[in-house]
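Before any comments, here is the structure.
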Amino acid sequence: MDNLVIAGRSFRSRLMIGTGKFSSNRAMVSAMEASGCEIVTVALRRVDLANPQDSMLQHIDRNRYLLLPNTSGARDAEEAVRLARLARAAGCEPWVKLEVTPDPYHLLPDPVETLKAAEILVKEGFIVLPYMPADPVLAKRLEEAGTAAVMPLGAPIGTNRGLRTRDLLAIIIEQARIPVVVDAGLGAPSHAAEAMEMGADAVLVNTALADTPNPAGMSAAFAKGVQAGREAFLAGLGGQRNQAEASSPLTGFLRNEG
Amino acid sequence: MDNLVIAGRSFRSRLMIGTGKFSSNRAMVSAMEASGCEIVTVALRRVDLANPQDSMLQHIDRNRYLLLPNTSGARDAEEAVRLARLARAAGCEPWVKLEVTPDPYHLLPDPVETLKAAEILVKEGFIVLPYMPADPVLAKRLEEAGTAAVMPLGAPIGTNRGLRTRDLLAIIIEQARIPVVVDAGLGAPSHAAEAMEMGADAVLVNTALADTPNPAGMSAAFAKGVQAGREAFLAGLGGQRNQAEASSPLTGFLRNEG
Amino acid sequence: MDNLVIAGRSFRSRLMIGTGKFSSNRAMVSAMEASGCEIVTVALRRVDLANPQDSMLQHIDRNRYLLLPNTSGARDAEEAVRLARLARAAGCEPWVKLEVTPDPYHLLPDPVETLKAAEILVKEGFIVLPYMPADPVLAKRLEEAGTAAVMPLGAPIGTNRGLRTRDLLAIIIEQARIPVVVDAGLGAPSHAAEAMEMGADAVLVNTALADTPNPAGMSAAFAKGVQAGREAFLAGLGGQRNQAEASSPLTGFLRNEG
Amino acid sequence: MDNLVIAGRSFRSRLMIGTGKFSSNRAMVSAMEASGCEIVTVALRRVDLANPQDSMLQHIDRNRYLLLPNTSGARDAEEAVRLARLARAAGCEPWVKLEVTPDPYHLLPDPVETLKAAEILVKEGFIVLPYMPADPVLAKRLEEAGTAAVMPLGAPIGTNRGLRTRDLLAIIIEQARIPVVVDAGLGAPSHAAEAMEMGADAVLVNTALADTPNPAGMSAAFAKGVQAGREAFLAGLGGQRNQAEASSPLTGFLRNEG
Amino acid sequence: MQLQINGEAVQAEDRIDVGRLLSRLELNPQLVVVELNRRILTPEDFSETALTQGDVLEIVQFVGGG
Amino acid sequence: MQLQINGEAVQAEDRIDVGRLLSRLELNPQLVVVELNRRILTPEDFSETALTQGDVLEIVQFVGGG
Amino acid sequence: MQLQINGEAVQAEDRIDVGRLLSRLELNPQLVVVELNRRILTPEDFSETALTQGDVLEIVQFVGGG
Amino acid sequence: MQLQINGEAVQAEDRIDVGRLLSRLELNPQLVVVELNRRILTPEDFSETALTQGDVLEIVQFVGGG
């Protein structure tokens, strides 16, 4: 079986999904089920005392899905560590999608604070999957710090622009000895397929699944795209040529050459 | 059911495959089966009297696959028409993938001769699927001439470069009232998926399936890629943004804003 | 001197400019002067009897600029030929930018009608520069028909999208024995520079020069971009690498290697 | 005058050049002169006692060119700081192009060590221009640390691949309050022009100038490309459209519209 | 009599010649081209070409175009 | 007495414990996490932890996030 | 007599018909198409079509193609 | 006595100063930088700095670099 293995745990699906921005819990669950995913990210936020919402946890089958709490909202390492600890206290397994994004506009990860937080969380026994810029040197440093995977961005979150960091993702994949999960910016199954064809181990998708009239249909489509890319990677893709090459024989035409 | 319909005939698969360049008939058949395709292209060539090969037809289940003879090798309309007639005489149904490629190096289609041949073959009752440059005006003229579909190229044949004619394919798709089958240059499932996401009705792939250590595996991958792209198109893809958009809530952080 | 030669006539500038859409004749002239161009395109239209405009010809120094009338508005070969004849009757030299664009939305050229009109106009002694799809086979056929140059499109007119037909332009340039002038879609000097680096002989720009707060500044910028690309082409560009290569020495570091 | 100002010092040229890999000092000087550059980078290396070379310094007019020593070869902050101090001791002004590249294969910058070294060197009074990944958050942190500019990479050094980090460069430029100098990977004048059109303040080029049969010609070409991009940025570029827009009038045709 | 000019019906005095028509229309004969019943006229023809009832004329000029 | 909960001043009866506070707030103790003066409480602590004037609490829960 | 088959000169016995020619050439009549002097034959014609000196034949079959 | 220069063992006469060492090595003191036991010397120091057994020197110069 071609399983994804992170921190010794094995997953059949290479598509992780984010649970943000769905129009309803029903839509979220339909996307989760259609995607065949086994890992879903969630965020931690203050309860609104004025009108407490029922928790989305009630809608997620914890036996079927591994909850991967993120540290979204953290602006530095300290805030990220605090959020990770709260998530673990909530009874989650000690897995965390580490996010440190000081800039509220572009929501891009801070390489220095992310590395600092990763070092602390690894020491505290967390299984750390850091969201990071597509920076091959940082990826190696996070790997050395003991993260379970790296999650480089394909494009700024929510842009649906695909692999805008292609060249650097290729280097990260080539050098990594831990799983590479391409996160952020994947707006279409073809984007996810391309990441997998390049040799990524998995992808995480959210906006493209929440932001469509048909979350379940789109999630099924992404699942196939991820699988397509993975199978092509395993089968062995041919390289690109600059010169055409006939797919029909170049002899035996109905004419007498020279 | 979301079927592809060409000339009133319905197909479940939107992946057509070419039978050229496989290392063996066995490899070819394994690719056909793994791809789930229902339409396969073939070429006509002179028998080599010195050493006649057994015909590849013996390996193709005619009840399962529609044979789509191409006119490869034709340098002008007359040669193409002659090849189409020979193919029909061989007992094929009157379907033809019209190819007129005067230049043996880049094997690009001749717009004028292709249109001329299409007009003749349509009059003779052929179901014509012309291979063509990604030229929206030509696509309309072929449609007006009565072709059953158009097959614009994504990139020069055999290059595996993907949708290098993206902008023009989008216009062809937007304007066409007959099926658009993207042909040539699709080198990876992500390329096929992208074509389908854009709204193409089908794709034709050959080199990428023949030119791999694992034709069956690659064909299965392309089948998933095509399906992924189709389902995403039907579900409704979101547009690209230039500005990031959070996938986690932007309120309820563990701090007291301003 | 590295001159552009078309139909035996020599030009120092490789930037042609279109005169459409300028906010005023003053803006148009400032752009022409700043661009250093020697060829400008113009269109023919019915005089508005209700309020006749003064002719833009009064603003163009005919000794300095070669007027290249286009056949814009022609939907087929016959209309294009008629417009070309009218332009010549207006006292222009028999140069014509041949445009046949049946579709009023995308304004893309008709390959068949363009070839037909080119054959007629060449016979009538016109010096024909056809606007055409980026179709290498059509380019050869137009060359064989005796056109003085070919003008393949980089992207649909007015889109500013740059060389979206890159791969096919490269083949056209490689095969052409007449000048290749990239027309339409060039939205920035970098687009014009890229076309020249690929070996194009010249470019034609209009929208990007008319559609800016500073036509003269933008025209000067394009002139430099064209020159930059041309000089780089002549100097000889290096190829792209997939692997980094140090620009500083890889020896003599302040450490004692193993 | 539209000057580039770094650390209060004003430069007319926005093209910096690297002096590595030239076939001869003569070729290097011809490139410097043709480029009109005012800033050139140099590296520090151990003298080869076995056969001491004459120093390249003798070939560079120190009154005309500002020497910008790089810290190439440094694998961490400490090595980079040591090299910067040695360069200053050699009588250079205290400008330094900070490079920390632990990986000898891809020569990509280390974000953490680069920031650490920048903080030290700024305190010691250096004018620091750090070579960095195209990481907008790191760019802000370096700016806050007091660097005089940031030098994000367009593509891995020496690859000639152009702006492969386009989307992130745009964010860096949008956010920066210090000059942004795009460095590494610029292989053609069109790449340099595009960087300037995006609003970069300057570019640094080396490989493309050294690695050509005609360094002087290529340097002149890049100088024009940089100027073209800058002037277009100042004039105001139009946006891209997805729909064509006529450059000739859409009325007054020689036909009577319905 | 009635002429059709640029697709519109126009009244003109009988037997007016093209040259006079242009001046009536305040058009500079140097800056327009005239097509009479699908035949292109040269400026020299203008004054010698008398128009008759129902003639169809196209009068065109150059405008900015790309 | 006054507490600060999620950044807001909240009045509560003296010596209320966290468990009771949560039920007052109609929050399911299984579905929230409570941080008291920057120290994380476990659900077991809730009923044994009495609050005092000025205590700062954060009460958080999981929401959808990417 | 001499025939031209697929561009090559081939000797064959006089008045041989196409059917026999194919078996001589060890070709399966079900799997080839025959064009005689630019006219396409149907399999039924094979045995009834006698060849004569100088006839030009094309014998083609399907091969893999894209 | 023995010195280590640029990572290599080099024999030199006792108590040689840096200035003399450079001329022995045929190096132009204006064009190199010298680091002695990790301390950077200024050109002025060269003649006053006597070397002793085991000193570690780095002698560097500028080369082309990007």
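Labels A, B, C, D, E, F, G and H are assigned to the chains in the order they are written; within every chain, residues are numbered from 1.
As a convention for this text, contacts are C-beta pairs under 8 Å (C-beta built on N, C-alpha and C of every residue); 3 or more make two chains touch, one makes a residue touch a chain.
This structure is a prediction, so every number in the text was calculated from the model and none was measured.
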{"item": "Shortest path length from chain D to chain G (each step joins two touching chains)", "value": "2"}
{"item": "Fewest hops from chain B to chain E - one hop per pair of touching chains", "value": "2"}
{"item": "Farthest chain relative to chain C (centres taken as mean CA coordinates)", "value": "F"}
{"item": "Most widely separated chain from chain A, with each centre as the mean of CA atoms", "value": "E"}
{"item": "Euclidean distance of C-alpha centroids - chain B vs chain C, Å", "value": "33"}
{"item": "Geometric centre distance via CA averages, chain H-chain E, whole Å", "value": "94"}
{"item": "Inter-centroid spacing, chain H versus chain B (mean Cα positions, whole Å)", "value": "71"}
{"item": "For chain B, residues contacting two or more additional chains", "value": "18, 20-21, 43, 45-46, 70, 72, 106, 108, 156-157, 159, 161, 206-207, 246-249, 252, 254-255"}
{"item": "Numbers and ranges of chain E residues touching at least 2 other chains", "value": "7, 58, 60, 63-66"}
{"item": "Chain A contact footprint on chain B (complex, rising order)", "value": "18, 20-21, 43, 45-46, 48, 70, 72-73, 79, 82-83, 104-108, 156-161, 187-191, 193-194, 197, 206-208, 210-214, 217-218, 220-225, 227-232, 234-255"}
{"item": "Complex interface listing, chain D residues touching chain A", "value": "101-103, 106, 108-112, 115, 133, 135-138, 140-141, 155-156, 159, 161, 164-168, 171, 175"}
{"item": "Of chain C, residues touching chain H in the complex", "value": "246-249, 252, 254-256"}
{"item": "Chain C-facing residues of chain H, complex", "value": "7, 58, 60, 63-66"}
{"item": "Complex interface listing, chain G residues touching chain B", "value": "5-8, 10, 25-28, 31-33, 35, 40-42, 58-66"}
